[in-house]
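In the two complexes below, chain A is the common chain; its partner is chain B in one and chain C in the other.
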Partner chain A sequence: MKILKLALGPYMLAVVLAAFFWPKPARGFIGESSRIVFFHVPCAWTATIAFVVAAVASIVHLKRRDDGSDEAAAAAIRQGFLFSVLATVSGSIFAEVMWGSYWNWDPRETSILMLLFLYAAYLFLRGAISDPERRGVFCAVYAIFAAFIMPFLVFVVPRALASLHPQTIINPQGRILMDVPTRSVFFGSLAGFTALFFWLWSLDRRLERMKRRRRALE
Partner chain B sequence: MTALGYVAAANAVIWLGIWIYLLRLDSRLAAEERREPGVGGHRE
Partner chain C sequence: MQKSSFLSAAIAVFSREARQELRRRTTVASVLFFALAALTLIAFSITTLAIAPADRSRLDSGMLWILLFFSAASGLPRSFVREEETGTALALRKVAAGETVLFGKLLFNYLLFLAICLAAVPALCLLQDWTIQRPAAFALALALAGYGVTMVSTFLSAIVSRAGQKDLLFVLTALPLLMPLLLPAVEATARAAAAAGDLSPYWKVLTAYDGLVTCGAFVLMGFVWEG
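And then the complex of A and B:
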């Protein structure tokens, strides 16, 4: 694992530099704004993975009732929330360049805002219950419930309604409409962000486990 | 250097900063886990 963590630095550095200098800007976009796809979409993708991981950890928690799975679910949601915020911010910057306003209440913008509220509620719920056992069960049930809502907000609502948002990667043609440099950097970035999420998730869980054990020793 | 070059350089520096921070945090956590046998459980 150590070697992967060491390799992630130069790997993502190469992805960042390639994102700016290798593919040509896409047609139909103002200036260099299309390059945001290499950062914005991987953030949204990583958030989706995180929320699915949280749901799986929550199911495990309801079966085993152990602290580890509860902490794993909470850590995944914290990271997913962070990547959702990054996706929202990067999307807003793109919106300003393309449509002249940071926020347009576009279906895509509205659905990610609802997603943020959905998972912010989880974090508030966690903070509101002091008994660890009850907190674990309540939060696990909520995380599973949220995982059923999440695909509608991420995949269904933005496609069902007319949107300013550029055509998504999973488009009606069923083809990835990217040239080879764009596709290479895009999938390279997706892989790097996914690896970054699993690293952050592991760090978060280890920190929480250490805090819990320290509390128990006190 | 062009504006794109500056933005690319800023992004590269930000990423390297995050990576170094995470590596340091990871090492510190591993050291803490080794020091306190009851706390760890993490194996590299």
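And then the complex of A and C:
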């Protein structure tokens, strides 16, 4: 994790610089607004990864019933929630530039908002159950149940209903509609954001582990 | 009740639920009362507003689903909560698997939801002077979305019945889980009522949601039941 931490800083700096200076702005977008794809989509992608990681950790928890997997699931959901907020805010800024309003009730806008509510409820549920063993099981069940609904929000709703959202990645043609520089920076950014999530997730888990040990000593 | 086949055990749970309800009649009566009282209040508060006919269907549809959700939230979570409160959950756990209990209670709750619809929809049509142009499509939208509402509510009821602040927690967790269903449901019933637009994407969305939550609930129920 130390190598990841040391490598992430310069790597993300390179991604940010490349995002602003290498590819030309895409056609059909106002000004430089298309560059948001290098930050907004990776945030949404990372949130999805985080929620999948939370579901996997929850499955592990239901099998092993150990504190580590419960903390891992909760930490992944907290990070996923953070990246969902960033995706929602960045998408909203893009919507204002492109469509003249911060919120348009577009299926994708609505879907990410639903995703936020879905996982905010997990955090409420965690706070409402005091017995750690029962909290672990029920929160794991909720996280897996939410993971059944998450693909519905990310893939089904935006495809089934008419949307204003640009379809450069998920589209009916099943092709990534980007030129080579845009594609390179985009995938570089996806990799960077994914690594950033795993680093933040490891920090969060360590923090939770330390809190648990301190509680045990008290 | 013996651990026999899935269906017969589920029907036994359903019959037990129905017998208890027929004896007490508290859940059905309170849910219907809540639905009609809330409906009267809503209809009274907007009766003087000048709403364009084109917006009418959307508004009535939105009101209907708000009403149905909160009416369901006032009654459906009781199914598992009552078992915990009366101490019968432990005995039920010994004789029946979680999935059969879920299915039995789901059947009962779905009938309860349809009963709420049977009371609320004609009352809303009457009070709001709302004409439904395509009744079959409207009923299908209610049936599909109602199934999703009932499935999620029954499953969540099993979780929150063993947590603190049950009622608050139920609404806090149910609303986000059901929003992906309720938003297309509002649109589908509005379109069916106004006979406007294509409904086929909404059938796909509602069916996909119902399928996903059914799989999720039945896969996970064992852990909730034993947990």
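Assume the second predicted complex is superposed on the first by the 216 of 218 C-alpha atoms of A that agree within 3 Å, B and C clash if a C-alpha of one lies under 4 Å from a C-alpha of the other, contacts with A are read in each partner's own complex, and residues count from 1 in each chain.
Basically, a residue touches a chain if its C-beta (ideal position, glycine included) is under 8 Å from a C-beta of that chain, and two chains touch if they have at least 3 such contacts.
Small disclaimer: the values here were computed from a predicted structure and weren't measured.
S.K.: Check whether A:121 is in contact with chain B, with chain C, with both or with neither, and answer first, second, both or neither.
M.R.: A:121: touches chain C, not chain B.
S.K.: Return first, second, both or neither, reflecting whether A:17 touches chain B, chain C, both chains, or no partner chain.
M.R.: Touch partner of A:17: chain B, not chain C.
S.K.: Once chain A of both complexes is superposed, is A:86 in touch with chain B (first), chain C (second), both, or neither?
M.R.: In the superposition, A:86 touches no partner, neither chain B nor chain C.
S.K.: Could you look at A:129 and tell me whether it touches chain B, chain C, both or neither (first, second, both, neither)?
M.R.: In the superposed model, A:129 contacts chain C only, not chain B.
S.K.: After superposing on the shared chain, does chain C or chain B touch more chain A residues?
M.R.: When the residues of chain A touched by each partner are counted, C comes out ahead.
S.K.: Contacts for A:55 in the overlay, against chain B (first) and chain C (second): which applies, first, second, both or neither?
M.R.: Neither partner.
S.K.: Just to be sure I read the superposition right, which of the two partners does A:8 touch: chain B = first, chain C = second, or both, or neither?
M.R.: first
S.K.: Given the touch rule stated above, what does A:47 touch, chain B (first), chain C (second), both, or neither?
M.R.: Neither chain B nor chain C is touched by A:47.
S.K.: Any idea which chain A residues touch chain C in the complex?
M.R.: For chain A paired with chain C, touching residues are 62, 110-111, 114, 117-118, 120-121, 124-125, 128-130, 134, 137-138, 140-142, 144-146, 148-149, 151-153, 156-157, 160-161.
S.K.: Can you list the chain B residues touching chain A in their complex?
M.R.: Contacts found on chain B: 4-5, 7-8, 11-12, 15-16, 19-20, 22-23, 25-26, 29, 32-33, 36, 38-39, 41-42, 44.
S.K.: Hey, which residues of chain A end up touching chain B in the complex?
M.R.: 1-2, 5-6, 8-9, 12-13, 16-17, 19-21, 32, 199-200, 203, 206-207, 209-210, 213-214, 217
S.K.: Contact residues on chain C for chain A in the complex?
M.R.: 155, 159, 162-165, 168-169, 172-173, 175-177, 179-180, 183-184, 201, 204-205, 208-209, 212-213, 215-217, 219-220, 223-224, 227
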